[in-house]
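Chain lettering (A, B, C and D) follows the sequence in which the chains are written, and residue indices restart at 1 in each chain.
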Amino acid sequence: MSNYLYILWIPLLPLATFVILGLFGRKYLSGIAGLLGTASLLTSTILSFVVAKQYFFVDGKVNGVFQKIVALKYTWLEFSPNVSIDLGIIVDPISVMMLVVVTSVSLMVHVFSLGYMKGEERFATYYAFLSLFTFSMLGLVLSANIFQVYMFWELVGVSSFLLISYYFNKPSAVAASKKAFIVTRFADLGFLIGILILGYYGGTLDIGLLIERFTSVHSTQFLSITSASFLGASMLTWGLTLVFMGGAGKSAMFPLHIWLPDAMEGPTPVSALIHAATMVVAGVYLVARMFPVFSMDETALNIITYVGAASALFAAVIACTQTDIKRVLAYSTMSQIGYMMFALGISKNGGENGLGYMASMFHLFTHAFFKSLLFLGAGSVIHMVHSNEMKDMGGLRKLMPITHIAFLIACLAIAGIPPFAGFFSKEEILTAAFQENKIIYGIALFTAALTSFYMFRLYFNIFWSKEATVAAHAHDAQGHDHGEGPWVMKLPLIILAACAVGVGFVPFSQLVTSDGAALDTHIDVVFSIAPVVLSVLAILLAASFYKKQNGKSDKVANAFGGFYTAATKKFYIDEVYIFITKKIIFPFIGQPIAWADRNIVDGFMLLVAKTTAKIAELIKGLQSGKVQNYALYFFGGVAALSILFIYIWK
Amino acid sequence: MMYNILIQLRQELVLTVLIFLLLFIKLGKDRSNESILNFINAALFINLGAGFCCHETGELFNGMFNTNALIVFEKNLLNLAVLLISMQSYAWLKNSKHLIEFYLLILTSLLGMFFMISSGNLLMFYLGLEMSTIPLAAAANFDLTKRKSSEAAMKLILSSAFSSAILLMGISFLYGTTGTLTFSILTAHLNGNPLQLFAFILLISGFAFKISAVPFHLWTADVYEGSPVAVTSFLAVISKGAVLFTMVNLLYKVFTPIASTWYLVLVVLAAATILIGNLFAIRQDNFKRFLAFSSIAQVGFILIGISGSSQIGSASLIYFILIYIFSNLAAFGVVSVVSALTGKENISDFKGFYKTNPMLSWVLTIALFSLAGVPPTAGFFGKLFLMMAGAAKGNYGLITFAALNMVISFYYYLRVVKAIFMEEHATPIEKLQVPTVSKLAMYICVVGMIVTGLASVVYDYIYSISIGL
Amino acid sequence: MNLTLLILLPLLTAVLILLAKGLQQIRVIGLTGAIAQLGLAGWFLKSFLAERTSGNNAAHLFESNQTWFKALNINYHIGIDGISLAMILLTSVIVVAGILVSWTMDKLSKEYFFLLVLLSMGAYGFFISLDLFTLFFFLEVAVIPKFLLIGIWGSGDKTKSAMKLALMLMAGSALVMVGLFGIYYNTHTFDIVQITAQGIPVGVQKFFFPFAFVGFGIFAALFPFHTWVPDGHASAPTAASMFLAGISMKLGGYGCLRIAALMPDAAHAYAWIIILLATIAIIYGAFATMMQTDLKYINAYSSISHCGFVILGIGMLNKTSINGAVIQMVSHGLMTALFFAAIGMIYSRTHTRMVAQLGGLLKAMPFISTVFVIAGLCSLGLPGFSGFVAEMTVFMGSWQNPEGAYRLATVLSGASIVVTAVYILRATGRAIMGPISNEHALLADSTWNEKLAAVLLIVGILIIGLAPFLINHLIMPSTDAIMLQMGKVNLYK
Amino acid sequence: MQEIPLSQILFVSTFLFFIGMYGLFTRRNLITMLMSIELMLNSVNINFVAFNKYLFPDNLDGLFFTLFIITIAAAEAAVAIAIIINLYRSHHSIDVEDATEMKY
């Protein structure tokens, strides 16, 4: 087994970029910051492709099964002899797959930002943050220790916070970043406690060991964790569910999704990188990483399944009603991640039953490409029209042909139209769902249809609906002769479009499976009729609504009535949160405590002091100044002492 | 025999000689106050030196007068204190035309104390006591023109006469029940019957009056306030110290058979004294009155130490008195300079004092910290050892009570510091020209306050010569 | 080389400061002294590790023991183990930073620097003492400078805060004193090592533990005796706040730890109360912080919450949690000092600490804002900074107690990290980000001394945050020794 | 004639003592107060003499003590009178109630 230590460079290069740009960027390097970041990331990308090649096609397989290789293990913080945070690098199918995804998408975003963020004041800082994020994400992907996952988990969270609040003088951006951080932080609390539980009963924090101990039914650890129970559920269930809570927070699963739409306040390339392709799928990755353990507990899996399905449907419905294109994309992301989640939930570990797992990973893979493509496309659109609102757009297909084509491809991909990438992965998911759970299958199918509807609603609204004159948008100064940005913004679109077409043909089932052994799948044409047809119908419906401006959509909307408005209002989840925080926690917990501290706790201390002073004031009469009273007190003292010591204490 | 008298009685003799010298100077042609003061200070210095030559244990006049290393040391302390006081009151006496009378009075009283300390007999003790009290009453009235001064003197003389009547009653009953006045024989006859206990209580009340323990303390504040600062500091430091020395001697040597009783008496007195002293001190604005009550509180701590009834107890007491001399005299020194030069005696007058007189402020501050018992000043050690001695009896209720009272005392000491450093005054005390002698005295005090604590030799020496129960 | 140097060096510095003329001389002397202290501490670290690696596993190194008060069996017994060394390093770092941030203190500068140095001397003496009397002595030495620093150079209702602080701390030390007497009269010595060797009767422990522990607890802002913290910190001048939160609150934590180690039975008996109070302090402090509007108050209240972790770690009484407590002490020291430094810098420019009146400072003063954000992120326990390491270690430790109530305490205190995130981000979002007001738009960024101070502290934070195994390696053996006394073994299966 | 028992003498002396004390507490005139104190001292003298005579006739401690008490009482009185006179100078009254300037 050859040495994979050079993988270390893949995260370290972005880190180095971050440090350099962070320290000297503002002053000295603001010119070449972008190039620097891109260059270093290019290197990591190449490296990760090398890794992928080496692992998948050279020496990853040992007698037909892909091995888990721990390339590095360094004890970073020891809690007690066998429980410690080890910084490690794990090489297995999913981590390598994620390496490829993260680096390549990140690279695309870097390139795109060269054009998109051009002339920004804090250009260097932007790239520093991008590198920081990339580093954290890579570190997360490579973690071999669950606490290491948690660390990079937090780092990912904070770099997302920094990037969302990049336009820091925009209050809405600041608010969004705060929201994102706090909500995910809340989820992470669950994650942390989950880790504590697993670590306590597992007696280790090393993922490999945890899996090994919790999957062998007779190990003492497994017995102890399953025998221990709290509120009727076994500690295993608790631990896993709480870990999943962390994942749900990062992956914006219902009801912890509220931060994702607002996060769109960040620069669009950032949304493409963080909130479409990489960070938001961290939750899925986490579940996949711990999957063998999850597979030991039915309850946890069911929770995952239903949360995933619910989010998928919920998000899809909302997406149909939003008018901010980035928000539409955000909700579609949420819905797609829902897919991945329930795919994991319905899966089993190993063999044929591992189909869901494979499908989920496959979808994660394909989704990364077409969704980042969508965002970058939206980015270049926004870059041109300087607005996120559909109503400001329309008929752009002539002005930005490349973007148009790329966007269309992406839409087809996400709609699951063969032969585009999304088709294959979604197909696997549906198959798995069909085999495991009919209800889920139904939801998935309906969601698929919705997906293609709202995506094409988006597409038509941007590129068709009304005829836009060139003049309408040719106003921007820096010579957008045919409306689209410089080549650095177009190149990524083209590449990603190619991927969106191509990656579907990757023999994924041969490479990434739950147990590492190859899994032979086949596209069952009969089976795939239903979803494809549905999607096509949905597309046609969308076309009829939005290709030309006509009242149909509004009529339908009115037909739905209250439900529609509820959907546009995102079903009032945000309001609920705001109510809980602003109306319950602050006034009923925070204020009283703050008040009590000043007036009761501190008040008590003051009271002691005041009482002393008061007593002093009261007894001053003793010192009457009359010498006769003094003599009297004197005699009183004598008498008192005499009585005390002759009669009482004698 | 003669030789013995010369050796063992030397401190008293020197003092007597000094007193007569002063008389002659008074009678002779008048000299400038400065020269007289310098002469007196020199003489007092010699007097202080007298203690350090050769000290041996022994007794004179068949046990009427006895002396030993401890007693000599105690007398030295008092001499030192007198020297410091006389140096500090330089500014005040410089312009007084009765300064010799002042010295006559306080030195006579000092002589009385010497006899009281080394008395081996109730009669001797009584003589010493009165000899030390009566001149002080006169000295309290030294500012003949001040209303307060005469009022103070009146209060002092009347209440002390009353207390000595009570004391005498006690002595008479002791005599009646034991048939002797000699300490060494007295012990054997003590059996703790009610009459003896009553006699003892009368006696202890007399002591409590002198050391101003609650409820026998009421004269203190008024007298301190009314008398001239020098007299006040003499009262606060020296007479208290002398009586305490005697008291420990009596309790530890004579009243051993009824130790269980006097322990409880001390506990009660201590608790009351600390509390009342603190509560009154909080409210005071007149500096001397404030120091009076704070010294009352200090006495409470001293009583706790004595109640430990161990060698640590007596050693800590003497150690504390030494520190107390430095701290209290430093404080009084500043006050006396200020009141002599500006006539201001209120804490509120000291606002913004640091701006104008940093040196005096630091002296006063260190003194206050030492009184409060804050390290690294010696007061910390003094107070702590007293408490330790008390804790030996395992009465932690009392110790906790005292410890918490230390917080109160801390408050009012800090109040003064606050006034000095942190508060503004429309017309702060202007820059003062402190006489060199007084300055010297203050420096001695400061050095004493730092060194006495940190240099453990002092304590260890005192411990080696002091007595246990 | 003798540990006493750690006392003599500040003493010398203080004396020189008294002799110096003019702000320039004074501050240069002060800085030189502080740097010398830092170097000395570093030297001790170096030789300490050298000793350890050369296999010297004595509980305390550099021990020296002189008789002080022979009659009372009071000795000047000094020596350090890993924990005290960590504390000494912390102190020396903060002293340098504190002197740097008060570089331009021109009001009564001589007294100011003198008191700062005196305070540091007290801290050093406290940390090196192996004799309870000496310990207590230095504990009180450190009180008065605080009073004067706050009262003279403070802001706001300074005298009141100073008085409150001094009195509450004095009450604390009074309780400690009683506890020490109890120990003394039942073991006839103040010497920690001897006492550890011969042990204290259980009954005695049960009686005196509360005195000593609560006494030190008051210094460590133990609920409900924490009320001196907000006012004290808020009123104090910048450097004093740094010393207060960074050093003197640690005296309390350290004392609590030592007391718990001396009286293990009592510690176990009362553990549940300690944990209860600690948990309350954590949650309560966090929520109270959320409601504050003054930056200094925010940090002061958060200190209550963070010091709760120290007490919690001690109360849980197992190796990991105590490790965590120690790391948390160091981490919180550095982090709060940094926070106060940043706040001080902001205040000295904008002349307001009200969050509502600030905004968008990142535009005007990027460096200071970055420092502020770093301090904030460290405070909310972001990996890579010391706070994360400390809090996680405490959690891992406290989770080892399988009792349900202890689990609940852990979860609740864990929940505080969310609240922490809320208030830190509120403050940051309001003061650092958002639109900037015009009168602040043109303010200058930090000067060299401020930069230096901040960088120093940040480096400290990063060293712990990025390479926690270093500090772990330093303190682990000592905590092992303590656990040996505690007779409590690690609960992990 | 049989002699008077000690108890009766003690009774007299005690009675005298408390008369004195009562006088001290109640009379406003400083001179009178001083006289009451003299009464108390005298009662003590009676005690001493009686004890000496009845219980310990073989040595004369009590008697001598009495002599000293008388002397010192005289001295005390002298000083006290002087002070009172001075008080009269400043207050123009020897009523104790008038000399209560310092209090609390």
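Everything that follows uses one rule, which is that contacts are C-beta pairs under 8 Å (C-beta built on N, C-alpha and C of every residue); 3 or more make two chains touch, one makes a residue touch a chain.
Nothing here was measured: the structure is a model prediction, and the numbers come from that model.
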Applying the touch definition from the top, give me the chains sitting in contact with each of subunit A and subunit B.
C, D
Counting C-beta pairs in contact, does B-D beat A-D or the other way around?
B-D
Innermost chain by mean C-alpha position
C
Express in whole angstrom the distance between the two chain centres, defined as the mean CA positions of subunit C and subunit D.
66
Here the gap between subunit B and subunit D, centre to centre from mean Cα coordinates and rounded to Å, is 27
Where the centres are mean C-alpha positions, what is the separation of subunit A from subunit D, in Å?
98
If you average the CA atoms of subunit A and of subunit C, how many Å lie between those two points?
36
Where subunit C touches two or more other chains at once, by residue number:
167
Can you pull out the residues of subunit D that are in contact with at least two other chains?
24, 33, 96, 99-104
Could you tell me which residues belong to subunit B and also touch two or more other chains?
154-155, 158, 162, 221-222, 283, 411
Pick one for the touching-chains graph, please: line, ring, star, complete, other.
other
With touch defined as at the top, which chains are paired up in contact here?
A-B, A-C, A-D, B-C, B-D
In the complex, subunit A residues that touch subunit D:
620-621, 623-628, 631-632, 635
Touching residues on subunit D, where the partner in the complex is subunit B:
17, 20, 24, 30, 33-34, 37, 40-41, 43-44, 47-48, 51, 55-56, 61-62, 64-65, 68-69, 72, 75-76, 79-80, 82-84, 86-87, 89-91, 96, 99-104
Touching residues on subunit B, where the partner in the complex is subunit C
312, 315, 369, 374-376, 380, 384-385, 387-388, 391-392, 394, 396, 399-400, 403-404, 406-407, 410-411, 414, 417-418, 421-423, 456, 459-460, 463-464
Where on subunit B does subunit A make contact in their complex?
154-155, 158-159, 162-163, 166, 194, 197-198, 201-202, 204-205, 208-209, 214-216, 218-219, 221-222, 261, 264-265, 268, 276, 279-280, 282-283, 408, 411
Subunit A-facing residues of subunit C, complex
164, 167-168, 223-224, 226-227, 230, 284, 287-288, 290-292, 319-320, 323, 360, 362-363, 366, 377, 380-384, 388-389, 392-393, 395-397, 399-400, 410-411, 414-415, 417-418, 421-422, 425-426, 429, 432-436, 468-469, 472, 476, 490, 492-493
